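Take this structure, written in structure tokens, and hold onto it; I'll ask about it next.
Chain lettering (A, B, C and D) follows the sequence in which the chains are written, and residue indices restart at 1 in each chain.
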Amino acid sequence: MEPLMAVAIGILYATAIFMMLRRSIVKLVIGLMLLSNAANLLIFTTAGMTRGAPPLIPEGMSAPVGNVADPLPQAVVLTAIVIAFSVLAFAVVLIRRAYEVVKADDLDKMKETDT
Amino acid sequence: MIQLTVIAGFILAATVPLLHRWFGERTSLVLALYPALLAVWLLEQMPEVLAQGNLLFEWQWVPSLGISLTFMLDGLALLFGLLISVIGVFVLIYAGGYLRNHTDLPRFHIALMAFMVSMFGLVLADDLLTLFIFWELTSITSYLLIGFNHDDLEARKSARQGLFVTVAGGLALMAGLVLLGVASGHWSLSEIRADDTDLREHALYTPLLICLLIGAFTKSAQFPFHFWLPNAMAAPTPVSAYLHSATMVKAGIYLLARLHPELGGTALWVTVLSVVGGLTMFTGAFLAIRFTNVKKLLAYSTVMALGALTMLLGIGTPAAMVAFVAFLMAHSLYKGSLFMVAGALDHSTGTKDVTAMGGLRSLMPVTSVIAFFAALSLAGVPPLLGFIGKELMFEAALGANAFQLLLVLLAFASAILTIAVAAIIALRPFYGPRLITPRVPHEAPLSMLLGPGILASLSLLLGVFPGVASDLTAATVTSLTGQPSDAYLSLWHGFNLPLLMSIISLALGFLAFKRWDRLRPKLALLAPLMRYGPEAGYEALIDNIARFSVWQTKVLQNGYMRNYILVMLLTLIGLLINSILVRHSPLISFSLDVRFYEVMVVGTLAMGALFATLTRSRLGAVVSVGVMGLSIALTFIFFSAPDLGITQLLVETLTVMLLVLVLFRLPRFTSFSTTLERVRDGLIAGAMGVLICLLILTAWSIDQFAPISGYMIENSAPLAYGRNIVNVILVDYRALDTLGEMFVLALAAIGVIAMLKFDHKSSQGPRTERKEPYDG
Amino acid sequence: MVKSGTVILNTAARFLMPLQLIFSVFLLLRGHDEPGGGFIAGLVAAGAFTLYMFAFGVSATRGILRMIDPRDLIGVGLLLGMISVVPAWFVGEPFMTAQWWTIPVVDFKASTPLIFDIGVYLAVLGAVTGMVMSLMEVDKDEP
Amino acid sequence: MRPEVALPVLLPLLSGAISLLFWRSRPVQRFIGIGGNLALLVVSLWLFVGVMEEGYITLEMGGWPAPFGIVLVADVLSAVMVLMTAIIGLLMGIYSLATTGRGHEKFGYYPLMHLLLAGVAGAFLTGDIFNLYVWFEVMLVASFALMILGGERAQMEGAIKYVTLNLLASIIFLTAVGLTYGTVGTLNMADIALRLDAAEHSGMVEVLAVMYMVAFGIKAAAFPLFFWLPASYHTPPVAVSALFAALLTKVGVYSLFRVFTLVFDQSMDYLQDIMLWAAAITMVTGVLGAAAQFEFRRILSFHIVSQIGYMLLGLALNTPLAIAGGVFAVLHNMVVKTNLFLISGITHRLLGTYQLKKMGASTVSAPGWQWPSFFQRFRWPVFRRYPGSSPNS
């Protein structure tokens, strides 16, 4: 399964970067969304994927039955998902405000603060 | 402790505003106590220095790095220290009169004191790095002094020029000192001196010498770096008197003299120093008589003197060493005096142009007498100290082992021109018909006569009784040669060739003075040549650096964010390709075990991402992103991550909602970029995708280590009392992550609320910053 | 976008919201043993309020929240999270070491991880509701 | 239990949380703002003293043993960095009392500042790579919020670049963390170091090193990854700029030091050359960029970049002395750059402009005997317009 996922994640990274290189701020934000999803999937995938064995312990037992999926990347991804959501929510509102202030969707019109 | 005394000088400089509040006009006198005390201390040490050769005052500064603030006092340091402190006393007193009622006098005193202390530290420093630090401090403080009249464009420009030239030299010096440290294995002058190994044989000798010489030459205004010194005349006259007689420019000379016993005497040293010194000497003297500005005249004659000193160090014979000491003392005394006289003239007539002055003798009698004696010393007329210096210089040039003829000719020509300069300064303003000057001339106040008067008297005194300075001379020559010496000065050397040269040069120099008014227009014809001189090169260099910096910034910081992203990604991609494909190879153990529904879900995921990229409708993009998110959630659920699946689902829903709330406030998608750009971006994006794919496979294929999560699975129920291991990790094993994460979410919410609701009317603070249009 | 809800949405929101909130508390409490936990529960609860906002508008939602501003929820949530860190200090264990107490009457196991999870729940709820609320409020102000 | 290791992180988090709870009351916010900073300074001193005595102190958070739970580690370097953070935080808090607008305070200026400090301290103290990511994000999102507070056009434009490019760095970092876990199965930095030393596939080790280098390089603003900094640092209020200048890039530099001295000490040879070049070019481009500017804060922003080069040079040379030099450069730069930004703020208040070309001629008599306004009182030539240099862009 992992090779297939690797290809899919590669596509995700590629599309994300392509979108980030556009001039439109909306596309930029969509690119950021794709990118953070891709990174989360990457963590999940590289640690190895296991079918049908969630890291849960049946009631009354002290250890899971048999091999279970690695819980650590799951916890890490969960944290990363929430962080990514926070940042993206911020970014989404930021482009909205930027559009209100600059009155353009075009990143090339936002270069006053540089040289 | 002498170190503390020197450092206290900086503190004293910092408290000058306070002193001004307490002492008002008398602050100069109060400050003058400091160099006076130092001078007394130095004189006290003299017997000891004569007896022992050199004294060390050790004080560990950064022991762990082996940097110490050790001071070394030998004859050379003693001589320079005395010049700095004695002339410093008079300059401070003089400045009090010259800048009386000037509103910025405190600022002047701060910089002058700081400069004095730096100079003092420089000549006393034993540690190479300490020496460098004080060296740079003199550059910076002299910058502040030269640019004192910052309302004047010329002053600022000159200050900057002086700073750039000396600091550039300072960099070379640092390189040289580091090389010296590496080559000798010691980081202090006294240890290098004590070590018997001959540095001249070392492989690094040539580079280190060149670096050190560049440092010394820039500082002491040797050709072709001489141009900053005359420009530095933009400084107030007391500064000129101090910087250009006793101190700043002599720092370079001091360094050369300091290094002479260890590095001198080789063919390289002799050639470079005597030729550069000789050229500088002649250039200074020749350029001097073009000018009618009294300060410029003096400045170029200083260049001449600096050249002479360098030349003498280059010649390196014992006779040259004695000449060096005599010339150095003579020059410091008469030049300090003459600059102060020039300041007095400027002060009372309102002009610096000697041709605009005349007949001042009756109005400024004391000044004219002082000027006369100081100029006699400059001209080298017996029985003044300048005469001894000049005589010995001729003698040294005649005794040179290399370039003898050249050096003698240069010395002779320079002497003639210098005599003309001396005559111009001493005679022109005071004799002849009275001319109308911008201010009504009057005698200078006592504070402005004291300094030049005493310095001129010293010239006379030491000329008549050279034996007074014998001890000092002997000690200095000892440190210059590295061998004990009992050199002494005397006025009368008998009737010999140098005396003959002196007499001829006096006659010719006086002739040149008489013809000066007719000579100047002819010299002015040479002016166009100056356009190709070293100064023009300096200007071009500075302009080009400025232009380059603007160009570079425009290219790099161009404001187009996609370019920034491109550069960053290309860096990453390049490094990754080099690492994983060129230097190493990826590791792929291929085993494809998939179910049909999984392929469907992952396919949907990829399609969603691709469609979001390709679609031209906003709704289409949002829906695609949503579909992709759902597929990810499903993937998580299929592969044993129920918590993740649910979270992803909920987050995706919220994200889509946010997008809907925001996106439809924004304009429709438009395509801004060209096809070429799209292809380029596509290629880069594709490269990144392929690399990531390879990296995932490699990381996954490496099966060398057991993950740490085994411990967590085992202990979740027994120790953490939780059966959902993921949740246990979140709230127990790695609760700190979760804590941080919840603060991130909270922060984002605060940011969003602030961004949306920030009310500009209520943002007026207690004292608001004024707005200005953005015109960077 | 404001108050544009249809009858179905309105009715759904009115009935679903209490259910969703109860469900979220259920998810929160069982999180340590079964899928769920503070984040998921907080997101579900925030979803409930968001749905209500879409249906009835921001001011109505503020009405049911009474005096509570989402920012207060964030503050309380973060503070609970910080509080759960401390008890271990009193028994001399490193910060964040879980402490378990049994509440005698209802036989409920209280613990610092639970307090922590509740903190997460409130913070998530407050943060998400706050963001959506201010977005919709700004929308309302504009034509 | 050594509480002082965790307190520099937990205290600002706590004070941030409390002052968020009292968001309605400005006086309370100001009080907690300064009180929290003072408390942070006290615990940082506590930590510093402890570390100076013992060398290093660790604390296993949650009581879980080292590679499994998250461990906080304070050695001399991190303790000094934390102490500097606390000092600068306190000074900035005091400065903000006088300069911050009501609106800023109403929308969480002080809590944001505290959480930023918490993120910075967390990044300095953590011994876990994913936890480092989390603290980076805390710091980053706090800085996002601080950067846009005020809502000027320039702030928005700067913020878009700042957010995007830093997010890119974060994602590269996160990708690297994922690959690290996939490769060695652990997140504890010391443990990663051990396992990477034993790793058979050296290519992956190098890839990880490269990814961390680029990710932290962006955060640290090294060439050619620095563009976000000059584009944004001069846009927020001056106290915020000063705080950013002092702390944010330094966290990147610190992480580079940590990762490359602790984790990747094996694969340094190849990367050392790259870093050496990057450091050298960073130094030069930074100052050249600064030389092309005429706006006070922009000069300083570009100059930060240049200074980063010096710090990286220390790391790239990778001798004990060079690293010590790099660390000194970091500490020195923190103090000096903050100071200069604050001076730019005072200059702006006195003269009403950040443009050097408009400064100078007007003499300002600052009331009292103020050392910060030293430059105005004594009118050094540096404050005069530079003649003869290039025309402004």
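The rule we apply is simple: contacts are C-beta pairs under 8 Å (C-beta built on N, C-alpha and C of every residue); 3 or more make two chains touch, one makes a residue touch a chain.
Quick caveat: nothing in here was measured; it's all calculated off a predicted structure.
Undergrad: B-C or A-B: which has the larger count of contacting C-beta pairs?
TA: Higher contact count goes to A-B.
Undergrad: State, to the nearest whole Å, the distance from the C-alpha centre of chain B to the C-alpha centre of chain C.
TA: Between these chains, centre-to-centre, one finds 61 Å.
Undergrad: Find the geometric centre of each of chain A and chain B from their Cα atoms only, then give the gap between the two centres in Å, rounded to an integer.
TA: 49
Undergrad: Where the CA atoms of chain A average out and where those of chain C average out, how many Å apart are those spots?
TA: Distance between chain centres, rounded to whole Å: 24 Å.
Undergrad: How many Å are there between the centre of chain C and the centre of chain D, using C-alpha atoms for each centre?
TA: Chain centres of chain C and chain D, defined by C-alpha means, are spaced 33 Å apart.
Undergrad: Mind pulling the residue numbers of chain A that touch at least two other chains?
TA: 20, 25, 42, 45-48, 54, 56, 59, 72, 76, 78-79, 82-83, 86-87, 89-90, 93-95, 97, 107, 110-115
Undergrad: For chain B, give me the residues that contact two or more of the other chains.
TA: Correct list: 553-554, 557, 559, 561, 565, 642-643, 647, 651, 654, 658, 662, 665, 692, 696, 699-700, 707-709, 712, 723-724, 726, 730, 732-739, 741-753, 755-757, 774, 776.
Undergrad: For chain D, write out the residues touching at least two other chains, lowest number first.
TA: 13, 16, 20, 61-62, 130, 134, 137, 141, 144-145, 148, 151, 153-154, 160-161, 164, 168, 175, 178-179, 181-183, 185, 187, 230-231, 292, 393
Undergrad: Connecting every touching chain pair, does the picture come out as line, ring, star, complete or other?
TA: Complete.
Undergrad: Along chain D, where are the residues that touch chain C in the complex?
TA: Touch residues, chain D against chain C: 1, 3, 6, 10, 13-14, 16-18, 20-23, 59-63.
Undergrad: Within the complex, which stretch of chain C touches chain D?
TA: Chain C reaches chain D through residues 71-72, 74-76, 78-79, 81-82, 85, 88-89, 92-98.
Undergrad: Per the contact definition, I'd like the list of chain B residues that touch chain A in the complex.
TA: Touching chain A from chain B are residues 553-554, 557-562, 565-566, 569, 588, 590-594, 598-599, 602-603, 605-606, 609-610, 612-613, 618, 621, 625, 628-629, 632, 635-636, 638-644, 647-648, 651, 654-655, 658-659, 662-663, 665-667, 669-670, 672-673, 681-682, 684-686, 688-690, 692-693, 696-697, 699-700, 707-709, 712-714, 716-718, 723-726, 729-730, 733-734, 737-738, 741-742, 744-745, 747-749, 751-752, 755-756, 774, 776.
Undergrad: Per the contact definition, I'd like the list of chain A residues that touch chain D in the complex.
TA: Within the complex, chain A touches chain D at residues 20, 25, 28, 32, 35-36, 39, 42-43, 45-48, 72-73, 76, 79-80, 83, 86-87, 90-91, 94-95, 97-98, 101-102, 107, 110-115.
Undergrad: Quick one: which bits of chain B touch chain D in the complex? Just the residue numbers, please.
TA: Touching chain D: residues 17, 65, 104, 106-107, 110, 143-144, 147-148, 150-151, 153, 155-157, 159-160, 539, 542-543, 545-550, 552-554, 556-557, 559, 561, 564-565, 567-568, 571-572, 575-576, 579-580, 583-587, 692, 695-696, 698-700, 702, 704-709, 711-712, 732-737, 739-741, 743-744, 746-748, 750-751, 753-755, 757-760, 762-770, 772, 774-776 of chain B.
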